[in-house]
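Scrolling down, you'll hit the structures one after another.
In what comes next, subunit A is part of two complexes: it sits with subunit B in the first one and with subunit C in the second one.
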Partner chain A sequence: MSPAISLSAIGLVVAATIGIGLFGLRISRTTSDFYVASRAVSPRWNASAISGEYLSAASFLGVAGLVLVNGADMLWFSVGYTVGYLMLLVLVAAPLRRSGAYTLPDFAETRFESAAVRRICAGLVVGIGTLYLLPQLHGAGLAVQTVTGAPPQVGAMIVAVIVVINVAAGGMRSITFVQAFQYWLKLTALAAPIFVILLAWHQPTGVLDSLHGAAAAWAEPLSRAGGRDHPLYATYSLLLALCFGTMGLPHVLVRFYTNPDGRAARRTTVVVLALLGLFYLFPPMYAVLGRTFAPDLVASGGDTVVLELPGRVFPGTAGDLLGALVAAGAFAAFLSTSSGLTVAIAGVIDQDLLRSRLREWTGGDYIAVNSFRIAALIAMVVPYLAFTVTGSLSLADTVGLAFALAASTFCPLLVLGIWWRRMSTTGAAAGLVVGGIAASAAALIHVAGAPQGGWPRALVGQPAAWTMPLAFITVIVVSKLTPDRIPAGTARSMVRLHTPEAVDVDRGLPPR
Partner chain B sequence: MSTPEGPRRVRVTSPRTSAARRPIIPTGTREIDEQTRLGEIYMLSLVQSQLRLTLAVIAGVLLVLGSIPLLFWLVPPTRTLSIFGLPLPWVILGILVYPVVYVAARVYVRNAERIEAEFTEFVGRK
Partner chain C sequence: MSDTRDPDLTTYRDVQLSPDFSELRRRFRRFVFPMTALFLVWYFVYVLLAAYAHDFMSHKVGGNITVALLFGLGQFVSTFAITLIYVRWADRRLDPDAEKLRHQIEGEAQ
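Here is the complex of A and B:
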């Protein structure tokens, strides 16, 4: 692979991202510009932007790598990432948009009228966001290493610095068009090499050889390829985590606010489902081709298969060009998801943790924007340090743990908070704490050194199947025990969350 | 009497006479705003019909998706069965799932909007 061509392609993506960001800075100066301007955006653009932000390193590199190494069971990753948006659509999309909340802590505070629940949510946003940023940095390191041979810290540092500069400069206010552009770039980058390979191959049947015959055991579901025990449990648990974790990811809710109303939020989500489905047709093809053209990657973890495949199939200039396109797409994935996450985490750090302290320390002599900039720096430094400690985790696996944590905390909070009027504030807090501790304990054990095999490994590696029901049961039981702690404004909240905008009722919203 | 050319001359007067008129706005929104028992029932019926729809979609999707690993587990030949040169699991999980999910989403949105339109008609627009 030629480093020069790939590096210039990566440089172009970075320059375009910063360029569009800076241009956006000129035309939008206030925080509300970001939201109001976006309301002129049609559901299609908005859906491209949501998909662009959502398709991370785990989708672009990780899924193909996991399928290559661990076989057909890993196809559930891309299925789950997509069905997660369907669950989000039917359970929370329109009510969340109607809630008037910008962030998850905002939602928790207005629904449960409690600063304590808000603070727990703030902590969880930082936790989930950090778990999700980790694989983005890991992917960036891997991509730069594959292209140039530089150590992984270099690529991670590049993404971290660019994201912090871009977010701190306020450039992501024009986020909608950057993200929308990045969806189509990612789709093109992933699809073009596949089409070229299929067209260039004179006997298309040879391409599918790895799926049939004696060596095709990896292509069977429940095959335990890659040494995973209890595949049936792992499959169901993964499916649960991905289906119900999507709605709790910190960068997803913010994007929903760019819809003008609840109805548009639903319609946008339908388009998102189409765009995600289109994208996820391609990663499995890299795995199938990788088994034929790059079988050595199976032993090395597989996460680089998307980057290396074009060069393996076409040695020479054609491979270099396609490889550069893929590398550019991968960088678009790291930048878009990392930026969205950093904005979401920094917003929470700024509002809930930093601003009051800064006011204390400086005696009120500070500028609000600087608080956000410091928060953006913290939001990226923590996962970067975590990245330097934990190097070798598989991309999609770490993301799976972030989803499991979201499914065990924010999913019960949102689903029961929106649909169950007898949920108490104590119940909400208890569910967040119990689900959060259970899922993050599993994640920590998995990261620090998972048990060698059998049920302990399966339960820790895919915790959602037990942590999510545990959180739901905790909320329900504690709410039943504390009926006097049901928020006084629950009836008004239900009106706000569920009545269509065309009906003129009192939604109990403070005037903005 | 009436001439064929042009509209007839009409006299325009203010509708406001000495007595105050009863408001003609529908009272459904007021019942909700004042959280009367009736208003609570309106809201409960809206939330419950939306929830029924949501649970129906989730049950359908999870039943279909959830039965796929079970099928592979219980009927091993389905793991290697070949369709158009591709193994069945890859056809289902790699391709077929996505259009099915998209159709489910379309059906859901149509029904959710129908429920909201009926509710809006019932309690009254702005």
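Here is the complex of A and C:
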């Protein structure tokens, strides 16, 4: 693979990202611009941006890698990512928009009238975001390493620096344009090599036939091809995490606020699902072709199959060019997801941790936007430090753990908080703490060094099937035990959550 | 924040207790919860079929196209279909009712 062409392609993506980001700088002037792009993004732009943000290193590199190594079971990742959006749309999107809250901690505070619950949520947003940013940095390191042979720190550092600059400069408005552009770049980068490969064969079906004999077992569902035990449990658990975790991802939720109204939010979701479905056609094709052309990658975890396949199929200039395109697309994936996550985490750090302290230290002499910029830096430094102390990780598996943590904490908070009148503040806090500790303990054990095999490995690697019910039961039992801690304003909250946005009821928090 | 200090308290409680508000919520729940349950069952049944109805899933429809593959693609198609159904339903049934409630509340407030 020729490093020069790939590096210039990556350079172009970085330049375009900064360029569009600077364009955004000129039009983002208010705090509302920073957080939610003043709620004025059209459905089509917004859908491209949401898809651009959602398709991370895990989707671009990780899904193909997992399917290559573990076989057809891993297709659940792509189905689950898509279904998660649907769950978010039908169960929580509309009520949450109506709550008037910008972030999950905002929602928790207005609904449960408790600063403590708010602080727990703020901590969880940072935790989930960090767990999600970690594989993005690993992906960037892996991509630069594959293309140039440079150590992984180089790629991770590039992504970290660009994202902080872009987020600090333009906030949400500029990020929206950047991410919309990046979706189309990612789709093109992933689709073009596949089309070229299929066109280059006079009989593309010949490729599939050659696969059939050698890889028949691998293509079967629940085959344990990659040595994963308890595939049925693992698949169910993964599916639960993805279906119910999406609604608790901080960078996804904030996107629903960037639509002008609820109707536009629904339109946006339809387009998002179409765009995601289109994108997910391609990673499995890389895996299938990888089984034929790059079977040696199975041993190394497979996360580089998307990057290496074009060069394997076409040694020479054509392969270099296609490889460069894919590398550029991969960088778009790291940059867009990391930007969205950083905006969301920085928003929470800014509001809940930083701003009051800055006000104390400077005696009120500070500008809100500067506090956000410092928060953006902190939001990236934490996962970068985590990156430097963790070894190689499976990209999609690690992202799966972030979904599991979200499904075990914010999912019960949102679903029960929106629909169950007798949920108490103590119950909410207990559910967040129990679900959060259980799922993050599993994630830490998995990242630090998973058990060797059997049930311990399955339970730690895919914790959602036990941590999520545990969190729901905790909320319900503790709420029943503490009926006197049901928030006094529950009736008001329910009206606010369930009456249409156009109705002029007090939505609680004013835009800050 | 306590309700006792809120001058609009009666409006909130009135809305909360009004039959139209309950009807709006009930209608939403009666559509959304069963639909959610239904599509989750469909995803989970697919996994069960893959595990236990192996012969059925690996039945070849033509060439190398198996039932499992068709069902797998069907997951994407059905996700999209469910979303379209929900959006149409929300536009047609939910929004007009919500609008009606809005007029009532704003009418009372004046």
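As a working rule, the second predicted complex is superposed on the first by the 475 of 512 C-alpha atoms of A that agree within 3 Å, B and C clash if a C-alpha of one lies under 4 Å from a C-alpha of the other, contacts with A are read in each partner's own complex, and residues count from 1 in each chain.
Methods note: a contact is a pair of C-beta atoms (placed from the backbone, for glycine too) under 8 Å apart; a residue touches a chain by one contact, two chains touch by 3 or more.
Note that this is a predicted model, so its numbers are computed, not measured.
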Q: Kindly classify A:F60 by the partners it touches after superposition: subunit B alone (first), subunit C alone (second), both, or neither?
A: neither
Q.
With both complexes superposed on chain A, which partner does A:A488 reach: first (subunit B), second (subunit C), both or neither?
A. second
Q: Tell me which partner A:L232 touches in the superposition: subunit B (first), subunit C (second), both or neither.
A: both
Q) Just subunit B (first), just subunit C (second), both, or neither: which does A:E113 touch? A) second
Q. Now for A:L91: first (subunit B), second (subunit C), both, or neither, which partner does it touch?
A. both
Q: Pick one for A:V270: touches subunit B only (first), subunit C only (second), both, or neither.
A: both
(Q) Based on the A-chain superposition described above, do subunit B and subunit C contact any of the same residues on subunit A, and if so which? (A) 72, 75-76, 79, 82-83, 86-87, 89-91, 94, 205, 208, 212, 220-222, 232, 235-236, 239, 243, 263, 266-267, 269-270, 273-274, 277, 280, 419, 491-492, 494-495, 498-500, 502-506
Q) subunit C touches which residues of subunit A in the complex? A) 72, 75-76, 79, 82-83, 86-87, 89-91, 94, 113, 205, 208-209, 212, 220-222, 231-232, 235-236, 239, 243, 263, 266-267, 269-270, 273-274, 277, 280, 419, 488-489, 491-492, 494-495, 498-500, 502-506
(Q) Show me the residue ranges of subunit C that touch subunit A in the complex, using the header's touch definition. (A) 1-4, 6, 8-9, 11-13, 15-16, 21, 24-25, 28-29, 32, 35-36, 39-40, 43-44, 47, 50-51, 54, 57-58, 63-64, 68, 72, 75-76, 79-80, 82-84, 86-87, 90-91, 95, 98-99, 101-102, 105-106, 109
Q: Using the touch rule from the top, collect the residues of subunit A that touch subunit B in their complex.
A: 72, 75-76, 79, 82-83, 86-87, 89-91, 94, 205, 208, 211-212, 216, 219-223, 232, 235-236, 239, 243, 263, 266-267, 269-270, 273-274, 276-278, 280-281, 284, 288, 419, 421, 491-492, 494-495, 498-500, 502-506
(Q) Going by the contact rule set out above, which residues of subunit B touch subunit A in the complex? (A) 29, 32-33, 35, 40, 43, 46-47, 50-51, 53-54, 57-58, 61-62, 65-66, 69-70, 72-73, 79-80, 82, 85-87, 89-90, 93-95, 97-99, 101-102, 104-106, 108-109, 112-113, 116-117, 119-120, 123-126
